[in-house]
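As written, the chains take the letters A, B and C, and residue 1 is the first residue of each chain.
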Amino acid sequence: MTKIVLSTNHKSEMIEITEIVKEEVIKSGVTNGSCIVYSPHTTTGVLLFENVDPSLQRDFLAHMSRLVPKSDRYAHGENADAHLKSALTGNSIAIPVVDAKLMLGEWQGIFFCEYDGPRANRELFIKVING
Amino acid sequence: MTKIVLSTNHKSEMIEITEIVKEEVIKSGVTNGSCIVYSPHTTTGVLLFENVDPSLQRDFLAHMSRLVPKSDRYAHGENADAHLKSALTGNSIAIPVVDAKLMLGEWQGIFFCEYDGPRANRELFIKVING
Amino acid sequence: MTKIVLSTNHKSEMIEITEIVKEEVIKSGVTNGSCIVYSPHTTTGVLLFENVDPSLQRDFLAHMSRLVPKSDRYAHGENADAHLKSALTGNSIAIPVVDAKLMLGEWQGIFFCEYDGPRANRELFIKVING
(Lines give C-alpha, C1' and ligand atoms only; values in the text may rest on other atoms or scores of the structure.)
Protein backbone atom coordinates (compact mmCIF):
# COMPACT_ATOMS: atom_id res chain seq x y z
CA MET A 1 0.00 0.00 0.00
CA THR A 2 1.16 3.52 -0.73
CA LYS A 3 0.34 6.60 1.32
CA ILE A 4 0.18 9.88 -0.61
CA VAL A 5 0.14 13.27 1.12
CA LEU A 6 -1.90 16.07 -0.42
CA SER A 7 -2.28 19.67 0.68
CA THR A 8 -5.51 21.49 -0.06
CA ASN A 9 -6.00 25.22 -0.61
CA HIS A 10 -9.69 25.93 -0.16
CA LYS A 11 -12.61 25.14 2.16
CA SER A 12 -14.09 22.94 -0.61
CA GLU A 13 -12.03 21.61 -3.48
CA MET A 14 -11.68 18.71 -5.88
CA ILE A 15 -8.14 17.53 -6.67
CA GLU A 16 -7.66 15.14 -9.55
CA ILE A 17 -5.47 12.19 -8.53
CA THR A 18 -5.85 9.99 -11.61
CA GLU A 19 -2.18 10.15 -12.67
CA ILE A 20 -0.94 9.46 -9.13
CA VAL A 21 -3.13 6.36 -8.90
CA LYS A 22 -2.11 5.11 -12.38
CA GLU A 23 1.54 5.37 -11.38
CA GLU A 24 0.97 3.39 -8.18
CA VAL A 25 -0.74 0.64 -10.15
CA ILE A 26 2.34 0.34 -12.39
CA LYS A 27 4.74 0.45 -9.41
CA SER A 28 2.76 -2.29 -7.63
CA GLY A 29 3.59 -4.82 -10.34
CA VAL A 30 0.00 -6.12 -10.23
CA THR A 31 -1.28 -6.88 -13.71
CA ASN A 32 -4.75 -8.18 -12.84
CA GLY A 33 -6.84 -7.31 -9.84
CA SER A 34 -8.31 -4.16 -8.36
CA CYS A 35 -7.15 -0.86 -6.97
CA ILE A 36 -8.68 0.57 -3.80
CA VAL A 37 -8.44 4.34 -3.47
CA TYR A 38 -9.15 5.25 0.13
CA SER A 39 -9.25 8.42 2.23
CA PRO A 40 -8.76 7.98 6.01
CA HIS A 41 -10.43 11.31 6.80
CA THR A 42 -13.99 12.13 7.88
CA THR A 43 -14.39 15.45 6.06
CA THR A 44 -13.22 14.36 2.59
CA GLY A 45 -14.42 12.20 -0.26
CA VAL A 46 -13.05 9.97 -3.02
CA LEU A 47 -15.00 10.20 -6.25
CA LEU A 48 -15.10 9.03 -9.86
CA PHE A 49 -16.06 12.12 -11.87
CA GLU A 50 -15.80 13.77 -15.28
CA ASN A 51 -12.32 15.26 -15.76
CA VAL A 52 -12.59 17.35 -18.94
CA ASP A 53 -14.77 20.36 -18.07
CA PRO A 54 -13.66 21.97 -14.77
CA SER A 55 -16.96 23.84 -14.52
CA LEU A 56 -18.56 20.49 -13.62
CA GLN A 57 -16.38 20.31 -10.53
CA ARG A 58 -17.62 23.76 -9.47
CA ASP A 59 -21.19 22.55 -10.14
CA PHE A 60 -20.62 19.51 -7.93
CA LEU A 61 -19.17 21.46 -5.00
CA ALA A 62 -21.86 24.15 -5.24
CA HIS A 63 -24.60 21.55 -5.37
CA MET A 64 -23.19 19.66 -2.37
CA SER A 65 -23.48 22.95 -0.46
CA ARG A 66 -27.11 23.24 -1.50
CA LEU A 67 -27.82 19.66 -0.38
CA VAL A 68 -25.87 20.12 2.88
CA PRO A 69 -25.96 23.82 3.80
CA LYS A 70 -23.52 25.34 6.28
CA SER A 71 -26.31 26.25 8.69
CA ASP A 72 -26.71 26.38 12.44
CA ARG A 73 -29.22 23.58 12.70
CA TYR A 74 -26.60 20.91 13.45
CA ALA A 75 -25.82 19.67 16.97
CA HIS A 76 -22.09 19.41 16.17
CA GLY A 77 -21.11 23.03 16.03
CA GLU A 78 -18.06 23.40 13.96
CA ASN A 79 -17.95 21.57 10.66
CA ALA A 80 -20.91 19.20 10.61
CA ASP A 81 -21.60 20.10 6.98
CA ALA A 82 -18.19 18.73 5.97
CA HIS A 83 -18.85 15.44 7.80
CA LEU A 84 -22.24 15.03 6.11
CA LYS A 85 -20.84 15.82 2.64
CA SER A 86 -18.11 13.25 3.29
CA ALA A 87 -20.71 10.62 4.22
CA LEU A 88 -22.72 11.28 1.04
CA THR A 89 -19.64 11.20 -1.20
CA GLY A 90 -17.95 8.12 0.27
CA ASN A 91 -14.26 7.59 0.96
CA SER A 92 -13.43 4.31 -0.76
CA ILE A 93 -13.67 3.12 -4.35
CA ALA A 94 -12.50 -0.08 -6.05
CA ILE A 95 -11.42 0.08 -9.69
CA PRO A 96 -10.65 -2.99 -11.84
CA VAL A 97 -7.04 -3.42 -13.02
CA VAL A 98 -6.40 -5.36 -16.25
CA ASP A 99 -3.01 -5.69 -17.99
CA ALA A 100 -1.56 -3.29 -15.40
CA LYS A 101 -4.08 -0.63 -16.40
CA LEU A 102 -6.82 1.04 -14.39
CA MET A 103 -10.07 0.43 -16.28
CA LEU A 104 -11.25 4.04 -16.18
CA GLY A 105 -13.66 5.27 -18.83
CA GLU A 106 -12.73 7.88 -21.43
CA TRP A 107 -14.02 10.89 -19.43
CA GLN A 108 -13.59 9.38 -15.99
CA GLY A 109 -11.07 10.72 -13.51
CA ILE A 110 -10.42 9.97 -9.82
CA PHE A 111 -10.83 12.90 -7.46
CA PHE A 112 -10.02 13.67 -3.85
CA CYS A 113 -12.73 15.95 -2.41
CA GLU A 114 -11.81 18.37 0.35
CA TYR A 115 -14.81 19.63 2.38
CA ASP A 116 -13.04 21.21 5.36
CA GLY A 117 -9.85 22.80 4.08
CA PRO A 118 -7.41 24.19 3.65
CA ARG A 119 -5.30 21.41 5.17
CA ALA A 120 -1.58 20.83 4.81
CA ASN A 121 -1.51 17.07 5.36
CA ARG A 122 -4.34 15.10 3.82
CA GLU A 123 -3.53 11.44 3.28
CA LEU A 124 -4.68 9.10 0.57
CA PHE A 125 -4.15 5.33 0.59
CA ILE A 126 -3.71 3.39 -2.64
CA LYS A 127 -3.84 -0.39 -2.32
CA VAL A 128 -3.52 -2.62 -5.38
CA ILE A 129 -4.93 -6.12 -4.89
CA ASN A 130 -3.75 -9.05 -6.98
CA GLY A 131 -6.35 -11.55 -8.18
CA MET B 1 -12.69 -9.11 -16.43
CA THR B 2 -15.80 -9.12 -18.60
CA LYS B 3 -17.20 -6.13 -20.45
CA ILE B 4 -20.97 -6.09 -20.92
CA VAL B 5 -22.70 -3.72 -23.35
CA LEU B 6 -26.11 -2.35 -22.42
CA SER B 7 -28.42 -0.09 -24.38
CA THR B 8 -30.73 2.24 -22.52
CA ASN B 9 -34.11 3.56 -23.63
CA HIS B 10 -34.92 6.57 -21.49
CA LYS B 11 -33.33 9.74 -20.11
CA SER B 12 -33.35 8.14 -16.64
CA GLU B 13 -33.66 4.42 -16.11
CA MET B 14 -32.69 1.56 -13.81
CA ILE B 15 -31.73 -1.73 -15.47
CA GLU B 16 -31.39 -4.80 -13.27
CA ILE B 17 -28.16 -6.65 -13.99
CA THR B 18 -28.20 -9.21 -11.16
CA GLU B 19 -28.47 -12.27 -13.41
CA ILE B 20 -25.70 -11.05 -15.73
CA VAL B 21 -23.36 -10.56 -12.78
CA LYS B 22 -24.24 -13.95 -11.25
CA GLU B 23 -23.40 -15.63 -14.53
CA GLU B 24 -20.02 -13.89 -14.74
CA VAL B 25 -19.16 -15.02 -11.22
CA ILE B 26 -19.82 -18.64 -12.25
CA LYS B 27 -17.86 -18.26 -15.52
CA SER B 28 -14.89 -16.76 -13.65
CA GLY B 29 -14.30 -20.00 -11.75
CA VAL B 30 -13.66 -18.02 -8.56
CA THR B 31 -15.25 -19.70 -5.54
CA ASN B 32 -14.14 -17.27 -2.81
CA GLY B 33 -13.39 -13.61 -3.17
CA SER B 34 -15.25 -10.54 -4.30
CA CYS B 35 -16.96 -9.21 -7.40
CA ILE B 36 -16.48 -5.61 -8.50
CA VAL B 37 -19.29 -4.20 -10.62
CA TYR B 38 -18.04 -1.05 -12.29
CA SER B 39 -19.39 1.52 -14.73
CA PRO B 40 -16.77 3.49 -16.74
CA HIS B 41 -19.22 6.34 -17.46
CA THR B 42 -19.71 9.72 -15.76
CA THR B 43 -23.51 9.99 -16.15
CA THR B 44 -24.48 6.55 -14.79
CA GLY B 45 -24.54 4.69 -11.50
CA VAL B 46 -24.18 1.18 -10.10
CA LEU B 47 -26.48 0.47 -7.20
CA LEU B 48 -27.64 -2.24 -4.80
CA PHE B 49 -31.42 -1.80 -4.57
CA GLU B 50 -34.69 -3.60 -3.87
CA ASN B 51 -35.69 -5.70 -6.87
CA VAL B 52 -39.24 -6.84 -6.11
CA ASP B 53 -41.46 -3.74 -6.37
CA PRO B 54 -40.70 -1.75 -9.55
CA SER B 55 -42.49 1.30 -8.12
CA LEU B 56 -39.49 1.74 -5.82
CA GLN B 57 -37.27 2.23 -8.86
CA ARG B 58 -39.58 5.01 -10.06
CA ASP B 59 -39.48 6.52 -6.56
CA PHE B 60 -35.69 6.48 -6.63
CA LEU B 61 -35.38 8.12 -10.04
CA ALA B 62 -38.02 10.74 -9.22
CA HIS B 63 -36.35 11.55 -5.92
CA MET B 64 -32.93 11.87 -7.55
CA SER B 65 -34.51 14.49 -9.83
CA ARG B 66 -35.82 16.35 -6.78
CA LEU B 67 -32.37 16.26 -5.13
CA VAL B 68 -30.60 17.23 -8.37
CA PRO B 69 -33.06 19.22 -10.49
CA LYS B 70 -32.53 19.76 -14.22
CA SER B 71 -32.24 23.54 -13.77
CA ASP B 72 -30.25 26.29 -15.42
CA ARG B 73 -28.15 27.15 -12.41
CA TYR B 74 -25.23 24.91 -13.41
CA ALA B 75 -22.08 26.25 -15.13
CA HIS B 76 -21.85 23.14 -17.34
CA GLY B 77 -24.71 23.72 -19.69
CA GLU B 78 -25.82 20.45 -21.10
CA ASN B 79 -26.23 17.57 -18.69
CA ALA B 80 -24.74 18.67 -15.37
CA ASP B 81 -27.65 17.08 -13.51
CA ALA B 82 -26.69 13.65 -14.87
CA HIS B 83 -23.07 14.08 -13.73
CA LEU B 84 -24.15 15.10 -10.23
CA LYS B 85 -26.61 12.19 -9.92
CA SER B 86 -23.82 9.86 -11.03
CA ALA B 87 -21.50 11.25 -8.35
CA LEU B 88 -24.13 10.77 -5.62
CA THR B 89 -24.98 7.22 -6.74
CA GLY B 90 -21.42 5.94 -7.25
CA ASN B 91 -20.10 3.74 -10.04
CA SER B 92 -18.36 0.88 -8.27
CA ILE B 93 -19.50 -1.73 -5.77
CA ALA B 94 -17.75 -4.76 -4.28
CA ILE B 95 -19.85 -7.81 -3.37
CA PRO B 96 -18.51 -10.82 -1.44
CA VAL B 97 -18.39 -14.17 -3.29
CA VAL B 98 -18.62 -17.40 -1.26
CA ASP B 99 -18.92 -20.91 -2.72
CA ALA B 100 -19.14 -19.32 -6.20
CA LYS B 101 -22.20 -17.35 -5.12
CA LEU B 102 -22.75 -13.61 -4.88
CA MET B 103 -23.77 -12.88 -1.29
CA LEU B 104 -26.77 -10.72 -2.17
CA GLY B 105 -29.61 -10.40 0.31
CA GLU B 106 -33.09 -11.76 -0.31
CA TRP B 107 -34.51 -8.53 -1.78
CA GLN B 108 -31.27 -7.11 -3.05
CA GLY B 109 -30.58 -6.69 -6.76
CA ILE B 110 -27.77 -5.00 -8.69
CA PHE B 111 -28.82 -2.12 -10.92
CA PHE B 112 -27.23 -0.04 -13.66
CA CYS B 113 -28.59 3.52 -13.45
CA GLU B 114 -28.80 5.62 -16.62
CA TYR B 115 -29.04 9.36 -16.01
CA ASP B 116 -28.37 10.70 -19.52
CA GLY B 117 -29.98 8.30 -21.97
CA PRO B 118 -31.03 6.89 -24.20
CA ARG B 119 -27.63 5.48 -25.19
CA ALA B 120 -26.90 2.55 -27.46
CA ASN B 121 -23.52 1.52 -26.01
CA ARG B 122 -23.21 1.71 -22.27
CA GLU B 123 -20.45 -0.51 -20.85
CA LEU B 124 -20.30 -2.37 -17.58
CA PHE B 125 -17.18 -4.06 -16.22
CA ILE B 126 -17.43 -7.16 -14.03
CA LYS B 127 -14.23 -8.23 -12.31
CA VAL B 128 -14.15 -11.22 -10.00
CA ILE B 129 -11.22 -11.24 -7.56
CA ASN B 130 -9.93 -14.44 -6.02
CA GLY B 131 -8.95 -14.37 -2.33
CA MET C 1 -16.49 -14.67 5.21
CA THR C 2 -18.16 -14.00 8.54
CA LYS C 3 -21.82 -13.20 9.07
CA ILE C 4 -22.61 -10.97 12.05
CA VAL C 5 -26.15 -10.54 13.38
CA LEU C 6 -27.16 -7.16 14.79
CA SER C 7 -30.41 -6.08 16.38
CA THR C 8 -31.52 -2.47 16.07
CA ASN C 9 -33.67 -0.48 18.47
CA HIS C 10 -34.95 2.54 16.59
CA LYS C 11 -36.50 3.51 13.26
CA SER C 12 -33.21 5.21 12.32
CA GLU C 13 -29.97 4.42 14.03
CA MET C 14 -26.19 4.23 13.54
CA ILE C 15 -24.37 1.33 15.21
CA GLU C 16 -20.59 1.44 15.34
CA ILE C 17 -19.09 -1.86 14.18
CA THR C 18 -15.40 -0.90 14.04
CA GLU C 19 -14.27 -3.29 16.78
CA ILE C 20 -16.23 -6.20 15.31
CA VAL C 21 -14.61 -5.66 11.92
CA LYS C 22 -11.11 -5.29 13.40
CA GLU C 23 -11.55 -8.61 15.20
CA GLU C 24 -12.62 -10.37 12.01
CA VAL C 25 -9.57 -9.06 10.18
CA ILE C 26 -7.34 -10.58 12.86
CA LYS C 27 -9.28 -13.88 12.85
CA SER C 28 -9.01 -14.12 9.07
CA GLY C 29 -5.24 -14.43 9.22
CA VAL C 30 -4.92 -12.06 6.26
CA THR C 31 -2.02 -9.65 6.72
CA ASN C 32 -2.23 -7.74 3.45
CA GLY C 33 -5.30 -7.15 1.33
CA SER C 34 -8.67 -5.55 1.81
CA CYS C 35 -11.76 -5.95 3.94
CA ILE C 36 -15.23 -5.69 2.44
CA VAL C 37 -17.96 -4.69 4.88
CA TYR C 38 -21.30 -5.49 3.28
CA SER C 39 -24.96 -5.25 4.26
CA PRO C 40 -27.36 -7.59 2.40
CA HIS C 41 -30.39 -5.40 3.22
CA THR C 42 -32.20 -2.76 1.17
CA THR C 43 -33.14 -0.39 4.01
CA THR C 44 -29.71 -0.08 5.66
CA GLY C 45 -26.32 1.43 4.95
CA VAL C 46 -22.64 0.84 5.66
CA LEU C 47 -20.68 4.02 6.26
CA LEU C 48 -17.27 5.38 7.21
CA PHE C 49 -17.97 8.21 9.66
CA GLU C 50 -16.55 10.20 12.57
CA ASN C 51 -16.73 8.17 15.78
CA VAL C 52 -15.84 10.62 18.55
CA ASP C 53 -18.76 13.05 18.83
CA PRO C 54 -22.12 11.18 18.91
CA SER C 55 -23.98 14.40 18.06
CA LEU C 56 -22.61 14.06 14.52
CA GLN C 57 -24.49 10.78 14.17
CA ARG C 58 -27.71 12.53 15.15
CA ASP C 59 -26.89 15.28 12.63
CA PHE C 60 -26.39 12.68 9.91
CA LEU C 61 -29.66 10.83 10.58
CA ALA C 62 -31.63 14.09 10.89
CA HIS C 63 -30.15 15.41 7.67
CA MET C 64 -30.91 12.18 5.79
CA SER C 65 -34.54 12.69 6.84
CA ARG C 66 -34.45 16.22 5.43
CA LEU C 67 -32.98 14.96 2.14
CA VAL C 68 -35.41 12.03 1.97
CA PRO C 69 -38.57 13.00 3.87
CA LYS C 70 -41.08 10.41 5.05
CA SER C 71 -43.82 11.86 2.84
CA ASP C 72 -46.72 10.46 0.89
CA ARG C 73 -45.39 11.34 -2.54
CA TYR C 74 -43.79 7.93 -3.11
CA ALA C 75 -45.44 5.19 -5.21
CA HIS C 76 -44.20 2.47 -2.84
CA GLY C 77 -46.38 3.07 0.16
CA GLU C 78 -44.71 1.71 3.19
CA ASN C 79 -41.06 2.49 3.67
CA ALA C 80 -39.84 4.06 0.44
CA ASP C 81 -37.86 6.65 2.40
CA ALA C 82 -35.76 3.89 3.98
CA HIS C 83 -34.98 2.38 0.56
CA LEU C 84 -33.92 5.75 -0.83
CA LYS C 85 -31.72 6.55 2.18
CA SER C 86 -30.13 3.11 1.78
CA ALA C 87 -29.39 3.82 -1.90
CA LEU C 88 -27.77 7.18 -1.06
CA THR C 89 -25.65 5.73 1.76
CA GLY C 90 -24.46 2.57 0.00
CA ASN C 91 -24.13 -0.92 1.45
CA SER C 92 -20.57 -1.96 0.65
CA ILE C 93 -17.18 -0.50 1.49
CA ALA C 94 -13.65 -1.79 0.90
CA ILE C 95 -10.93 -0.89 3.42
CA PRO C 96 -7.22 -1.59 2.92
CA VAL C 97 -5.58 -4.10 5.30
CA VAL C 98 -1.83 -3.78 6.00
CA ASP C 99 0.11 -5.81 8.61
CA ALA C 100 -3.20 -7.34 9.73
CA LYS C 101 -4.58 -3.88 10.51
CA LEU C 102 -7.52 -2.01 9.02
CA MET C 103 -6.17 1.26 7.66
CA LEU C 104 -8.80 3.46 9.29
CA GLY C 105 -8.01 7.09 9.99
CA GLU C 106 -7.71 8.52 13.51
CA TRP C 107 -11.35 9.69 13.75
CA GLN C 108 -12.82 7.18 11.32
CA GLY C 109 -15.21 4.46 12.42
CA ILE C 110 -17.31 1.93 10.51
CA PHE C 111 -21.05 2.21 11.02
CA PHE C 112 -24.10 0.12 10.23
CA CYS C 113 -27.03 2.45 9.44
CA GLU C 114 -30.57 1.28 10.17
CA TYR C 115 -33.27 3.18 8.28
CA ASP C 116 -36.28 0.92 8.87
CA GLY C 117 -35.99 -0.46 12.38
CA PRO C 118 -36.27 -1.71 14.92
CA ARG C 119 -35.27 -5.14 13.58
CA ALA C 120 -34.13 -8.18 15.53
CA ASN C 121 -32.01 -9.83 12.83
CA ARG C 122 -29.93 -7.54 10.68
CA GLU C 123 -27.00 -9.27 9.01
CA LEU C 124 -23.60 -7.89 8.15
CA PHE C 125 -21.03 -9.69 6.00
CA ILE C 126 -17.31 -9.21 6.58
CA LYS C 127 -15.03 -10.62 3.89
CA VAL C 128 -11.27 -10.25 4.12
CA ILE C 129 -9.47 -10.61 0.79
CA ASN C 130 -5.81 -11.62 0.58
CA GLY C 131 -3.60 -9.86 -1.95
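Methods note: a residue touches a chain if its C-beta (ideal position, glycine included) is under 8 Å from a C-beta of that chain, and two chains touch if they have at least 3 such contacts.
Quick caveat, the model's predicted, so the values are computed rather than measured.
K.L.:
So with touch defined the way it is at the top, what topology do the chains form here? Options are line, ring, star, complete, other.
P.N.:
Contact map by chain: complete.
K.L.:
Given that subunit B and subunit C are copies and touch, would you call their interface same or different according to whether over half of its residue numbers are shared?
P.N.:
different
K.L.:
For subunit B and subunit C, let me know how many angstrom lie between their CA-based centres, rounded off.
P.N.:
20
K.L.:
Give the residues of subunit C that touch two or more other chains, as numbers and ranges in rising order.
P.N.:
Each of 33, 67, 88, 90, 94, 129, 131 in subunit C touches at least two other chains.
K.L.:
In the complex, go through subunit A and note every residue touching subunit C.
P.N.:
Within the complex, subunit A contacts subunit C at residues 1, 33, 36, 38-42, 67-68, 74-76, 80, 83-84, 86-88, 90-92, 94, 123, 125, 127, 129-131.
K.L.:
Which stretch or stretches of subunit C touch subunit A in the complex?
P.N.:
Residues 32-34, 47-50, 53, 55-56, 58-60, 63, 67, 88-90, 93-96, 98, 103-108, 129, 131 of subunit C touch subunit A in their complex.
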